[in-house]
Structure formats: C-alpha cells, structure tokens
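Okay, so subunit A shows up in both of these, paired with subunit B first and subunit C after.
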Partner chain A sequence: MPLLTQQIPDESDYSLVASLDNVRNLSTILKAIHFREHATCFATKNGIKVTVENAKCVQANAFIQAGIFQEFTVQEESVTFRINLTVLLDCLSIFGSSPVPGTLTALRMCYQGYGYPLMLFLEEGGVVTVCKINTQEPEETLDFDFCSTNVINKIILQSEGLREAFSELDMTSEVLQITMSPDKPYFRLSTFGNAGSSHLDYPKDSDLMESFHCNQTQVNRYKISLLKPSTKALVLSCKVSIRTDNRGFLSLQYMIRNEDGQICFVEYYCCPDEEVPESES
Partner chain B sequence: MKFRAKIVDGACLNHFTRVSNMIAKLAKTCTLRISPDKLNFILSDKVANGGVSMWCELEQENFFSEFQMEGVSAQNNEIYLELTSENLSRALKTAQNARSLKIKLTNKHFPCLTVSIELLSLSSSNRIVTHDIPVKVIPRKLWKDLQEPTVPEADVSIYLPALKTMKSVVEKMKNISNHLVNCKILNLQIIEANLNGELNLKIETELVCITTHFKDLGNPPLASENTSQDGNSEQMAEVQIDIRKLLQFLAGQQVNPTKATCNIVSNKIVHFDLLHEDASLQYFIPALS
Partner chain C sequence: MKCLVTGGNVKVLGKAVHSLSRIGDELYLEPLEDGLSLRTVNSSRSAYACFLFAPLFFQQYQAATPGQDPLRCKILMKSFLSVFRSLAMLEKTVEKCCISLSGRSSRLVVQLHCRYGVRKTHNLSFQDCESLQAVFDPALCPHVLRAPARVLGEAVLPFPPALAEVTLGIGRGRRVILRSYQEEEADSTAKAMVTEMSIGEEDFQQLQAQEGVAITFCLKEFRGLLSFAESANLSLSVYFDAPGRPAIFAIEDTLLDGHFVLATLSEPDPHSQDLRSSELQRPAPQLQAHSTPHLDDFAADDIDSYMIAMETTVGSEASRALPSDSLSPGLQALCSPGPDSEEEEDDTEPSTVPGTPPPKKFRSLFFGSILAPTHSPQGPSPVLAEDSEGEG
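So, the complex of A and B:
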C-alpha cells in the first residue's frame, strides 16, 4: 500500500501507538462520556484516560486499559493532548455506527507528540480510511481530590436498577437529591419538579443492591442537568458504584463490559449543588 | 397527446415502485419523458442549484403489459411532463400487493397523470384507488434542454465499491464537515480514482483530513485501453464536488445495481452509471470551481 507507507514515519517516532481489532471497544466507551465537544486524553503505559468536563462542576473519565488494545506502546512517561471528541467519534465510526454481524473495523492510532495531529488508520473489508485530526493545547483538568479514605457512603448497584430511574428523571426539577443512610430510607433519589416531588427508595436488601456500606446519613443535591449526561454511561454499564465523600462530592463509577467481554470503567465526579438545610432532610 | 399503460405483474409493479422511490430521493421535481418504447425520468438542475443532472431509463416492455401512446405529432412522437417525484412514489405506496396498476394522462381541469390501483380484497368486489398527480406538459421548444446528456470522455473509469459502504463513509464525512462552522469551504469533497482500481474519497478541513481508500475495484476494459498506454496507471484523476450531492445520490440507492461505474473527467465532472436489471441510471455531478 504505497499510499499508506508514505504517510507513516518510522514507528519509533511515535510517542503513542495503539491498535485494536474492534474499534467499537473504544468508540462505545468514548460515547459514554460524550456530553461536550472536547476531551483531553492522557496516555501512560497503563492505558488511555479520556476526560470531559463541564461547568467546572462535573468531570467524566473513561479508562481504556492497555490490555484492551492488541498493541499499545507509549514512549514517554505520559502523553497528553486535547481533541475534538465529536470529530473523533465520527471518524471512529466512519464505516457505520451500527455493527454489521461478521464485520469488524480495525484501528491503528498513532500520535507523534506535541503539536502533531492524531492519526487514525481504520480498516474494514480491505477498505482503509486515514484520518488526521489536529490536536489542541491540553487544558488543565479539574482535580476533584476524591480520595477513598474520605468516602463516607458507598453503594454498588446493578445498573438496571438505576437505569429506569435515570431515564425517567423529572427534568423540571433543578436538582437530584441523593440520600444515603445506614438507616431508613437507606438509598433515596428525590426530585422537586413542577408536578411535585418524587422519591424513589431502594431497600438495603434489594436484589439489585450488590453491596451497601453507609456509615452516616448524607443528603446532597446535585444539578440534574449535570448528572443527566451520565445516563449514557449507565445504559452501557452492568454495575454502578455510587460513593459520596465527607464534602458531599459524588462519584459514580460505571463498569462496562465490551463486546469481547473485557471490563472498562467510566467515572463521573460531580460536586454538590448547595448545602441542604438540616430541617429539610 | 395520449398515454395509457398498465402493469399486471407483481414483480414489475415492485420494480416500478422501487424506481419511482429512487427518483423521489434524487430529485424533487423531474421530467417524465414518454416515447413509444421507453420511459425516462430526467433531472437537469440549473447551475445555480448545483447543476446536477440525472437520466433514468426504463424499457417500456419490461414493465408494462399494455402501453399506448401518441406524442405531440407524428414526427415528435414523445410526451414530456413535469411532476413532483414524491407524488408518484406516494401514489405507488398503495400499490403494494395490488392486482394491477393503470397510468393514464388525463385532463381534469388541469393535466394529470392518473394512477388507478386495483386492490385485492377478500370479498368479491374489487377496490380501486385513484391518484391524480398534477403535471405540467412541457412545450416542444423546451425539449432540447432535456435530451440525454452526452457522456464526456473520462480520464478514469472505475467500478464502484459496495454503495452501502460508500454511503456510510460519505455520510460521516458530511457530518464532520458540517461541524466546522469556521471552515471556509463547506461541503467540499474530493473524489479521485486511477486506472489501477483505486478510488479515494477525501475531505480536508481546518481540523481534520479524512481519506478513504478503496482498492482492487477494477476498471472497465474499454476505458483503460484508451488512456492507460501513455499515462501512468497510478495517476489519479480528481474532481472536487459538493458532498451533499454525492450523499443524495448514494442515499437514493436502495438496491445494489448489477453494474456500477464511475467516470471522472479531471476537475470537470463525475458521472455515475448504474445498471439495474431493468432500469439504468446516469447521474452527473459537476465540479465545484
């Protein structure tokens, strides 16, 4: 393929090279955090982390471990760049968004370093697409300083338990209030919309509840508009871990199983909306 | 002027419906040319609208069990009608599983193409659905603008890849070029091919360059004999076209044709030639200058 070889510099010139037999193992995970146009990518020898943020209040991270890729090499300690996620996703699905049984799109992704474009080589059934996406100056991402030692309450749910609740959230409510408590109501989602308030309680011994570790009653409110995009990850996931720390920060970790049965994680952090007056809880 | 025709065979009826659906996707209004042995659906867009032209041809006897027509005069035994393509395809929607279909040129206060569909019913009485599609009879002096386009001598002629793959690629490329609001040239796409069986589709914007390479497509024998002797077979002939026009053409193709060829005249025009079992379609997209 003379066309391709012309454009590929020597392999060792690249600070990042990754190949994948099934591009959907990457694109599906990236779709789960696609609620803003731009994303920042960090690659280390462990894999790639892609971060999307909104309003300095919510951050979503997708982790694609090195093991998901058939080939994964990072020359430097870490490689960072910012990219238009919408364009990246369109390029990854150039051969069609819905899978055709029996056909896989293979991907080879190369990045030469600061200032260079991200190169994608996609192949399906002998047809090759080369994409050259210009990268941008990486922006500093937020550090939510969410430390597991400060976690007060933690619940692991099967995602199907939360899926319906999230897809039917009363979007006229400005906030979603999450109550986590060692006592009744254990785990409660509340909205306060135009048509009234609604509360959804999950009993502690429900089949959907995989684990329940709540040490202290916490009632926190989060902007519903910031949490709604996490539904994309929820839909794909099989389990979700919901944690809050001593400051009321929320961490949602979604466990996503890809088409090859491998596990990937998508994580959402969100800061609380406001202090809830004691009397209301 | 007279025209009446009848389809009784179910397969013919399906094919005719399929052709009319394709036309509706390709052209908002089109010209229907009726001659003793052929039907043509013609589009010849003004240059201001992109200058796309289309020539679809059906052999009358492949579709119709009865076909009678009388043109404007004995020398000019043809009828040219302008109609909204969607009206015809919508009328034919009712014709699924119909027993027969009749098309007739009528005058009901204004000229109409009357489509009567005889539907099967469980009881002995038959139901007939009639659609009157308003048409404009095109006068003789305008016919010269609606003649079969001459196919320019191509620099490269190549067989097309699976239209479905091509459509998906072009669709994504169009999405990407639409994202870029700041981009100076919108909707520009390069299509290039050589006599080595390679076809490339390209878009280039400020943010991203995408090229899809199709190879081993094969070149129709005649074209390669004519041109390849003096030139290098890997030399690309390219045309820059409006990506929306290409997508519209690809989106209109529901069935894979038996033969699909693309002819490129460098920097001038790209000509698609699709051969179906009983219909042929030629589609011309001029280069953007």
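So, the complex of A and C:
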C-alpha cells in the first residue's frame, strides 16, 4: 500500500482545500440533513452543497458557503464526490461532539480528486488527528425543478412555532396534510392517526408569522415519515420558509445561525402524496 | 358537554391525566352535574382512580346540551395523554383548553388555544360506555393517615424506581414507616437492599392507627397521585384496613378531588400474622410479609410478572366494559364481610405446587375478592392470569 510512503502532494495538487477554525460550524449543519447514510458533495468556488435523498421523494441540501471557511479553494469548476455521511460526521466529532468551553477543534479538509479519499486534519489542543475517508462514485441527484416563479403560496415562520408541532407529530398518521390558503384557516397542519385527527392552525396575523403570501388554497399531503427527518434542521434553525408550487411540491428552507453568528441554509424538498380524497379534508 | 379550562388549571388537568395514565389504558370521561369526572382502572382491576373537577374549576362548564342526557365516553389513555404530553409546554404556551363532546360528531374535541394565536384541535374518537364506578367508602376504614403530599413524596423519593411495592405501616413510637417490599426468598444479592423511611407522628395531620398495622401496595400508582398532590400542594389521606383489603388514597380541594383505590397485598402466611402480634417492639420485621419457606423454585423468575394475580372469574370479565352495577359487590364486601363462596373455592386450592408463583396476591377490587377480616389466611392459590409490568 503506497499510501504511507507516498509523498505529501503540493497544495496545488488538491482540487479542494478548505479550512475552518471551528469544526462545529460544519458538523452542525451536516447533522441537520443526516437522515440517510450517504451524501453527495458538490464544491464550487461559492462553497459546498451536500445533498441527501430518500425514496426519490425527498431531498435535503445543506449549503455551506465559502465565507464560512477561513480558507476555501477549488481548483476545478466543480468538484463532486459521494461520501458516507455517518463516517464523515463521526470523524468531524472525533474530539467529542459536545462543545467544551474555550476549546475549538480546527479542521483542514483536502480532496485530491476523483478516486482519492477525502483527507481531514483535525486539531484540538495541539493534538492532530488525520482521517482518510474513501469517496464513492457520485450519483445523479434528483432535480425537483422547484422554480420560484411557480410558487403559489409562501409563508415564513419563526421556527419556534413549528418546533413543538413537529416534535409532537402523531406518527400513527401516515401523512402530514398542509393547508395554505389566503382565507381561513390560512396555515394548517393536520394528521389523521389512530386516535383521531389533529389540526394545528396558525393565524396569518400571528407574531410567529414573518411573512404570509398565499394566493390560492392548496391542500397537499406528504408522507410523514419523509418529513419527520426535517425536524433535525428545524431544531437548529431560527426561521423557516414554507413554499408550495403549482404541482404541490413542498420546499422547506431553514435558516440556521452558527456559533459565529453566520447564516447557513438547509433546504428540504418533498413531493406530495397521491391526490387528496374528497371526503376527508 | 362543553367545558373551558384556563390559565394554570390547564396544567392541573394535564397533571391529573398524567397520574391517571400510570394506572389504566383507557380513560372514562363522564360529565356530571357536580363536575367532570375522569376515571380509569387498570387491566387487572386491582387499581382504580378517579378525579372529579368541580364546575368552579372551569371557566365555563356545561355537563349536557340542554334537553339532552349527558354523554359519557371512553377513550384511549394514550391518545388523551398525547394532548397533554408536555407539561412544560402546557404551562408555557397554552392559554386555554376547551373540551367538548357531542353525540353528533362522535368525536371528543380538545382544543388548545396557545400563544401567538396558534390553535390545536384534537378530534379524538371515543366509545360509548357504561359508567365506571367503584364502590368504596373511606369512612368504613378503621385506619387513617393524613399528611401533606410533600412529606410522603419525599419519603418515597429514595426508593428505587424499579421497586414494585412498598409497605406502609405504623412502627414503634407511632412512627410511620415506609419500607421497600421484598419478594420472599429473594436469595439473590441484587435484591439484598431494603430501604426504609420512618416519619415521626408530628409530620402527620392525622394519624389514626395503632402500632403494628401495615399494608403493602403498588408504588407506581401511589407515586402518580403523589406527584399530582405535590404539585397542587395538597394533603393526602390514606384510608386503610387489614392487609388484602383495598386502601383508599384521597386528596381534596374546593375545586377538585381525587381518589385512588389500590389493592393491598394479602398476607398469605399465618406465620407472618404471628410475627405481627408478637414482635410489636421491633417495627422493622413486622412490616415485611414473610414467606412460606419452601418456595424455592420461582426464585429466578421475574418478580413483576406475577405481581398481580387474578381469579379466573375476573379474567373472563375484566376484558369487557363493566356495567356499573356489577362493580359494586366487590367493594361492598368491605363493609359487610359476607361469605365469598367463589373466592373460597379459589383459595382452597392445594398449596404449593413446585414452580408456582408465590402466594403474594393483589385482589381485584371489583369481583368479590376482598378478604373478609375473619377469613383465615389460606395457602397459595395458583396464578391463573398474570399481569405484566410492561403494558404501563
């Protein structure tokens, strides 16, 4: 195995180099989309996008813009690889996942290119850990074709108002039904479980409602098992934007403030369940 | 039925549901003229609990739609509990709670009006049912203890969470003693620890019981009522009689009252009776029910699994809803110890079969299973239906 003997490549040999003083600014946001084992990473000069998908119905994207990193260089136009997200997160929290006051774990991340492992150098208190994670063939990701011009209804809520709702979702219900309407009930989350149905109504003039732009009544159902993982992003976020387009596709955008006060975004797309039966509404 | 609960009372209601959920899987909700009653009974019918919230507890209370008979219903405890799941959230965000029951929609509607105008509506499906009513009368119990819930709450705090039963008795110098109940023959060293708390008479508001009396009952249910009573800062009264007869735990307030009726362990062994009378000077041993010495075979069994034994007659009836009249005879036996023919049959089974669970036995509160005080203790009867701890 020539790995041990091979020469340390020059900086310019790497197609991606990124360094970060506080690794938690990266790991926290990756945890928000960690609901499947594998993720696809795309790096451009603007930053890194990490994508996780499930059942060809839901897609989560975490955007870590270049400004979050202290150093960020991409040699090619774009760098793409697939990686085991669980392993990546384990490595990023190798010095412990809960923050110790006064100590930061610094990270330097290098990727030489197709076929090479992702190299992580983690340093805390003078101790350096080197991790090499094998990368995989990138898979094509779904294109939800969610275009802002097709958006029918859009609501921005303070996350605190949804957090409790999502943590208490009746998981015996197969679907979460989202009603968005310019008229009553404005914004309603409904579940239909074993014990009966539950509705959660938010008035449009609520203090939780940052903005309310609904043009047309839409009632769509989404598999609750697909939306539940977005709770991870929700608990980290301060605001959430909820949009639906003309096909009933749902976009949830979470605004997450990291420990240094910078803003990152995590986005979930989900396609609707089959048509809503007329009888139940 | 329609009622409206506001402010801090929402949390009180939630707390009551939490403590009821420690007992039964179904909640009986019955609007009465003198208030809203919430009741439950456990599956082996050895524990019954009810809360009655007076009309004044509510901002608005209407037992029945005018001109109609009041409805009553039975719902899954789990689904009602889920409405009140997070007490911290109830306190922080819920401003008022509206509960309504109408025959037309056949739904029990619980509406929570929260902060920021958010409104949660739960439409719970329910079943019609007969009234659930255990007949009990604290006035017929010769022994009474009354103390602030905090005193008893602090006394049970040191007991391990897994402990199933606790013995409450009066020891030397009229001190009230709470002691972890040990399964007999607990040969394993893991069970070697006994916890005992002793509370002075002065901490009690009322102590009407002579030295030497003791009862053993389930701790889980008791903790449920205690945590409610503690949060409401109320006094808890315990009314009890001889071992084997139900004990009544009661709290009262102007706005609500709560009664938990728990089966107590009957003392199977005449030997332990002897101990009680002869060793009045030593409170500790008399609080422990002693075992027949030859029951070695079950030592490795899971103690909880045969915790509550039931009679066959109970087993078949317990599975369906109880008409109210069928519930009374059992507890009436409390006051008039009549001949319990059915029970005699069960109890006169030949004693110890190898591998049989021990004679420890909680009686069902409802079906003629209350030991008459004159009834001489018999040998162990086989357990015909077990209650497993896991379903709680």
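Assorted remarks:
Basically, the second predicted complex is superposed on the first by the 268 of 281 C-alpha atoms of A that agree within 3 Å, B and C clash if a C-alpha of one lies under 4 Å from a C-alpha of the other, contacts with A are read in each partner's own complex, and residues count from 1 in each chain.
Note that a contact is a pair of C-beta atoms (placed from the backbone, for glycine too) under 8 Å apart; a residue touches a chain by one contact, two chains touch by 3 or more.
Predicted model, so just to flag it, every value in this text is computed and none were measured.
In the superposed model, A:171 makes contact with neither subunit B nor subunit C. Counting residues of subunit A touched by each partner, subunit B versus subunit C, the larger count belongs to B. When the two complexes are overlaid on their common chain A, residue A:128 makes contact with subunit B while staying clear of subunit C.
After overlaying the two complexes on the shared chain, residue contacts for A:142 are found with neither subunit B nor subunit C. Contact with subunit B, but none with subunit C, is seen for A:95 once the two complexes are overlaid on the shared chain. Contacts of A:87 after superposition: subunit B is touched, whereas subunit C is not reached. When the shared chain is aligned, no partner comes close enough to touch A:55: not subunit B, not subunit C. Note: no residue of subunit A belongs to the subunit B contact set and to the subunit C contact set alike, using the contact criterion stated above. Against subunit B, the residues of subunit A that register as touching in their complex are 1-4, 84, 86-87, 90-91, 93-96, 124-134. The residues of subunit A lying in touch with subunit C in their complex are 161, 164, 168, 170, 194-203, 205-208. On subunit B, the positions that touch subunit A within their shared complex are 161, 165, 168-169, 172-173, 175-176, 179, 198, 200, 206-216, 234. Against subunit A, in their complex, subunit C makes its touches with residues 75-76, 78-79, 82, 85-86, 89, 93, 107-108, 116-125.
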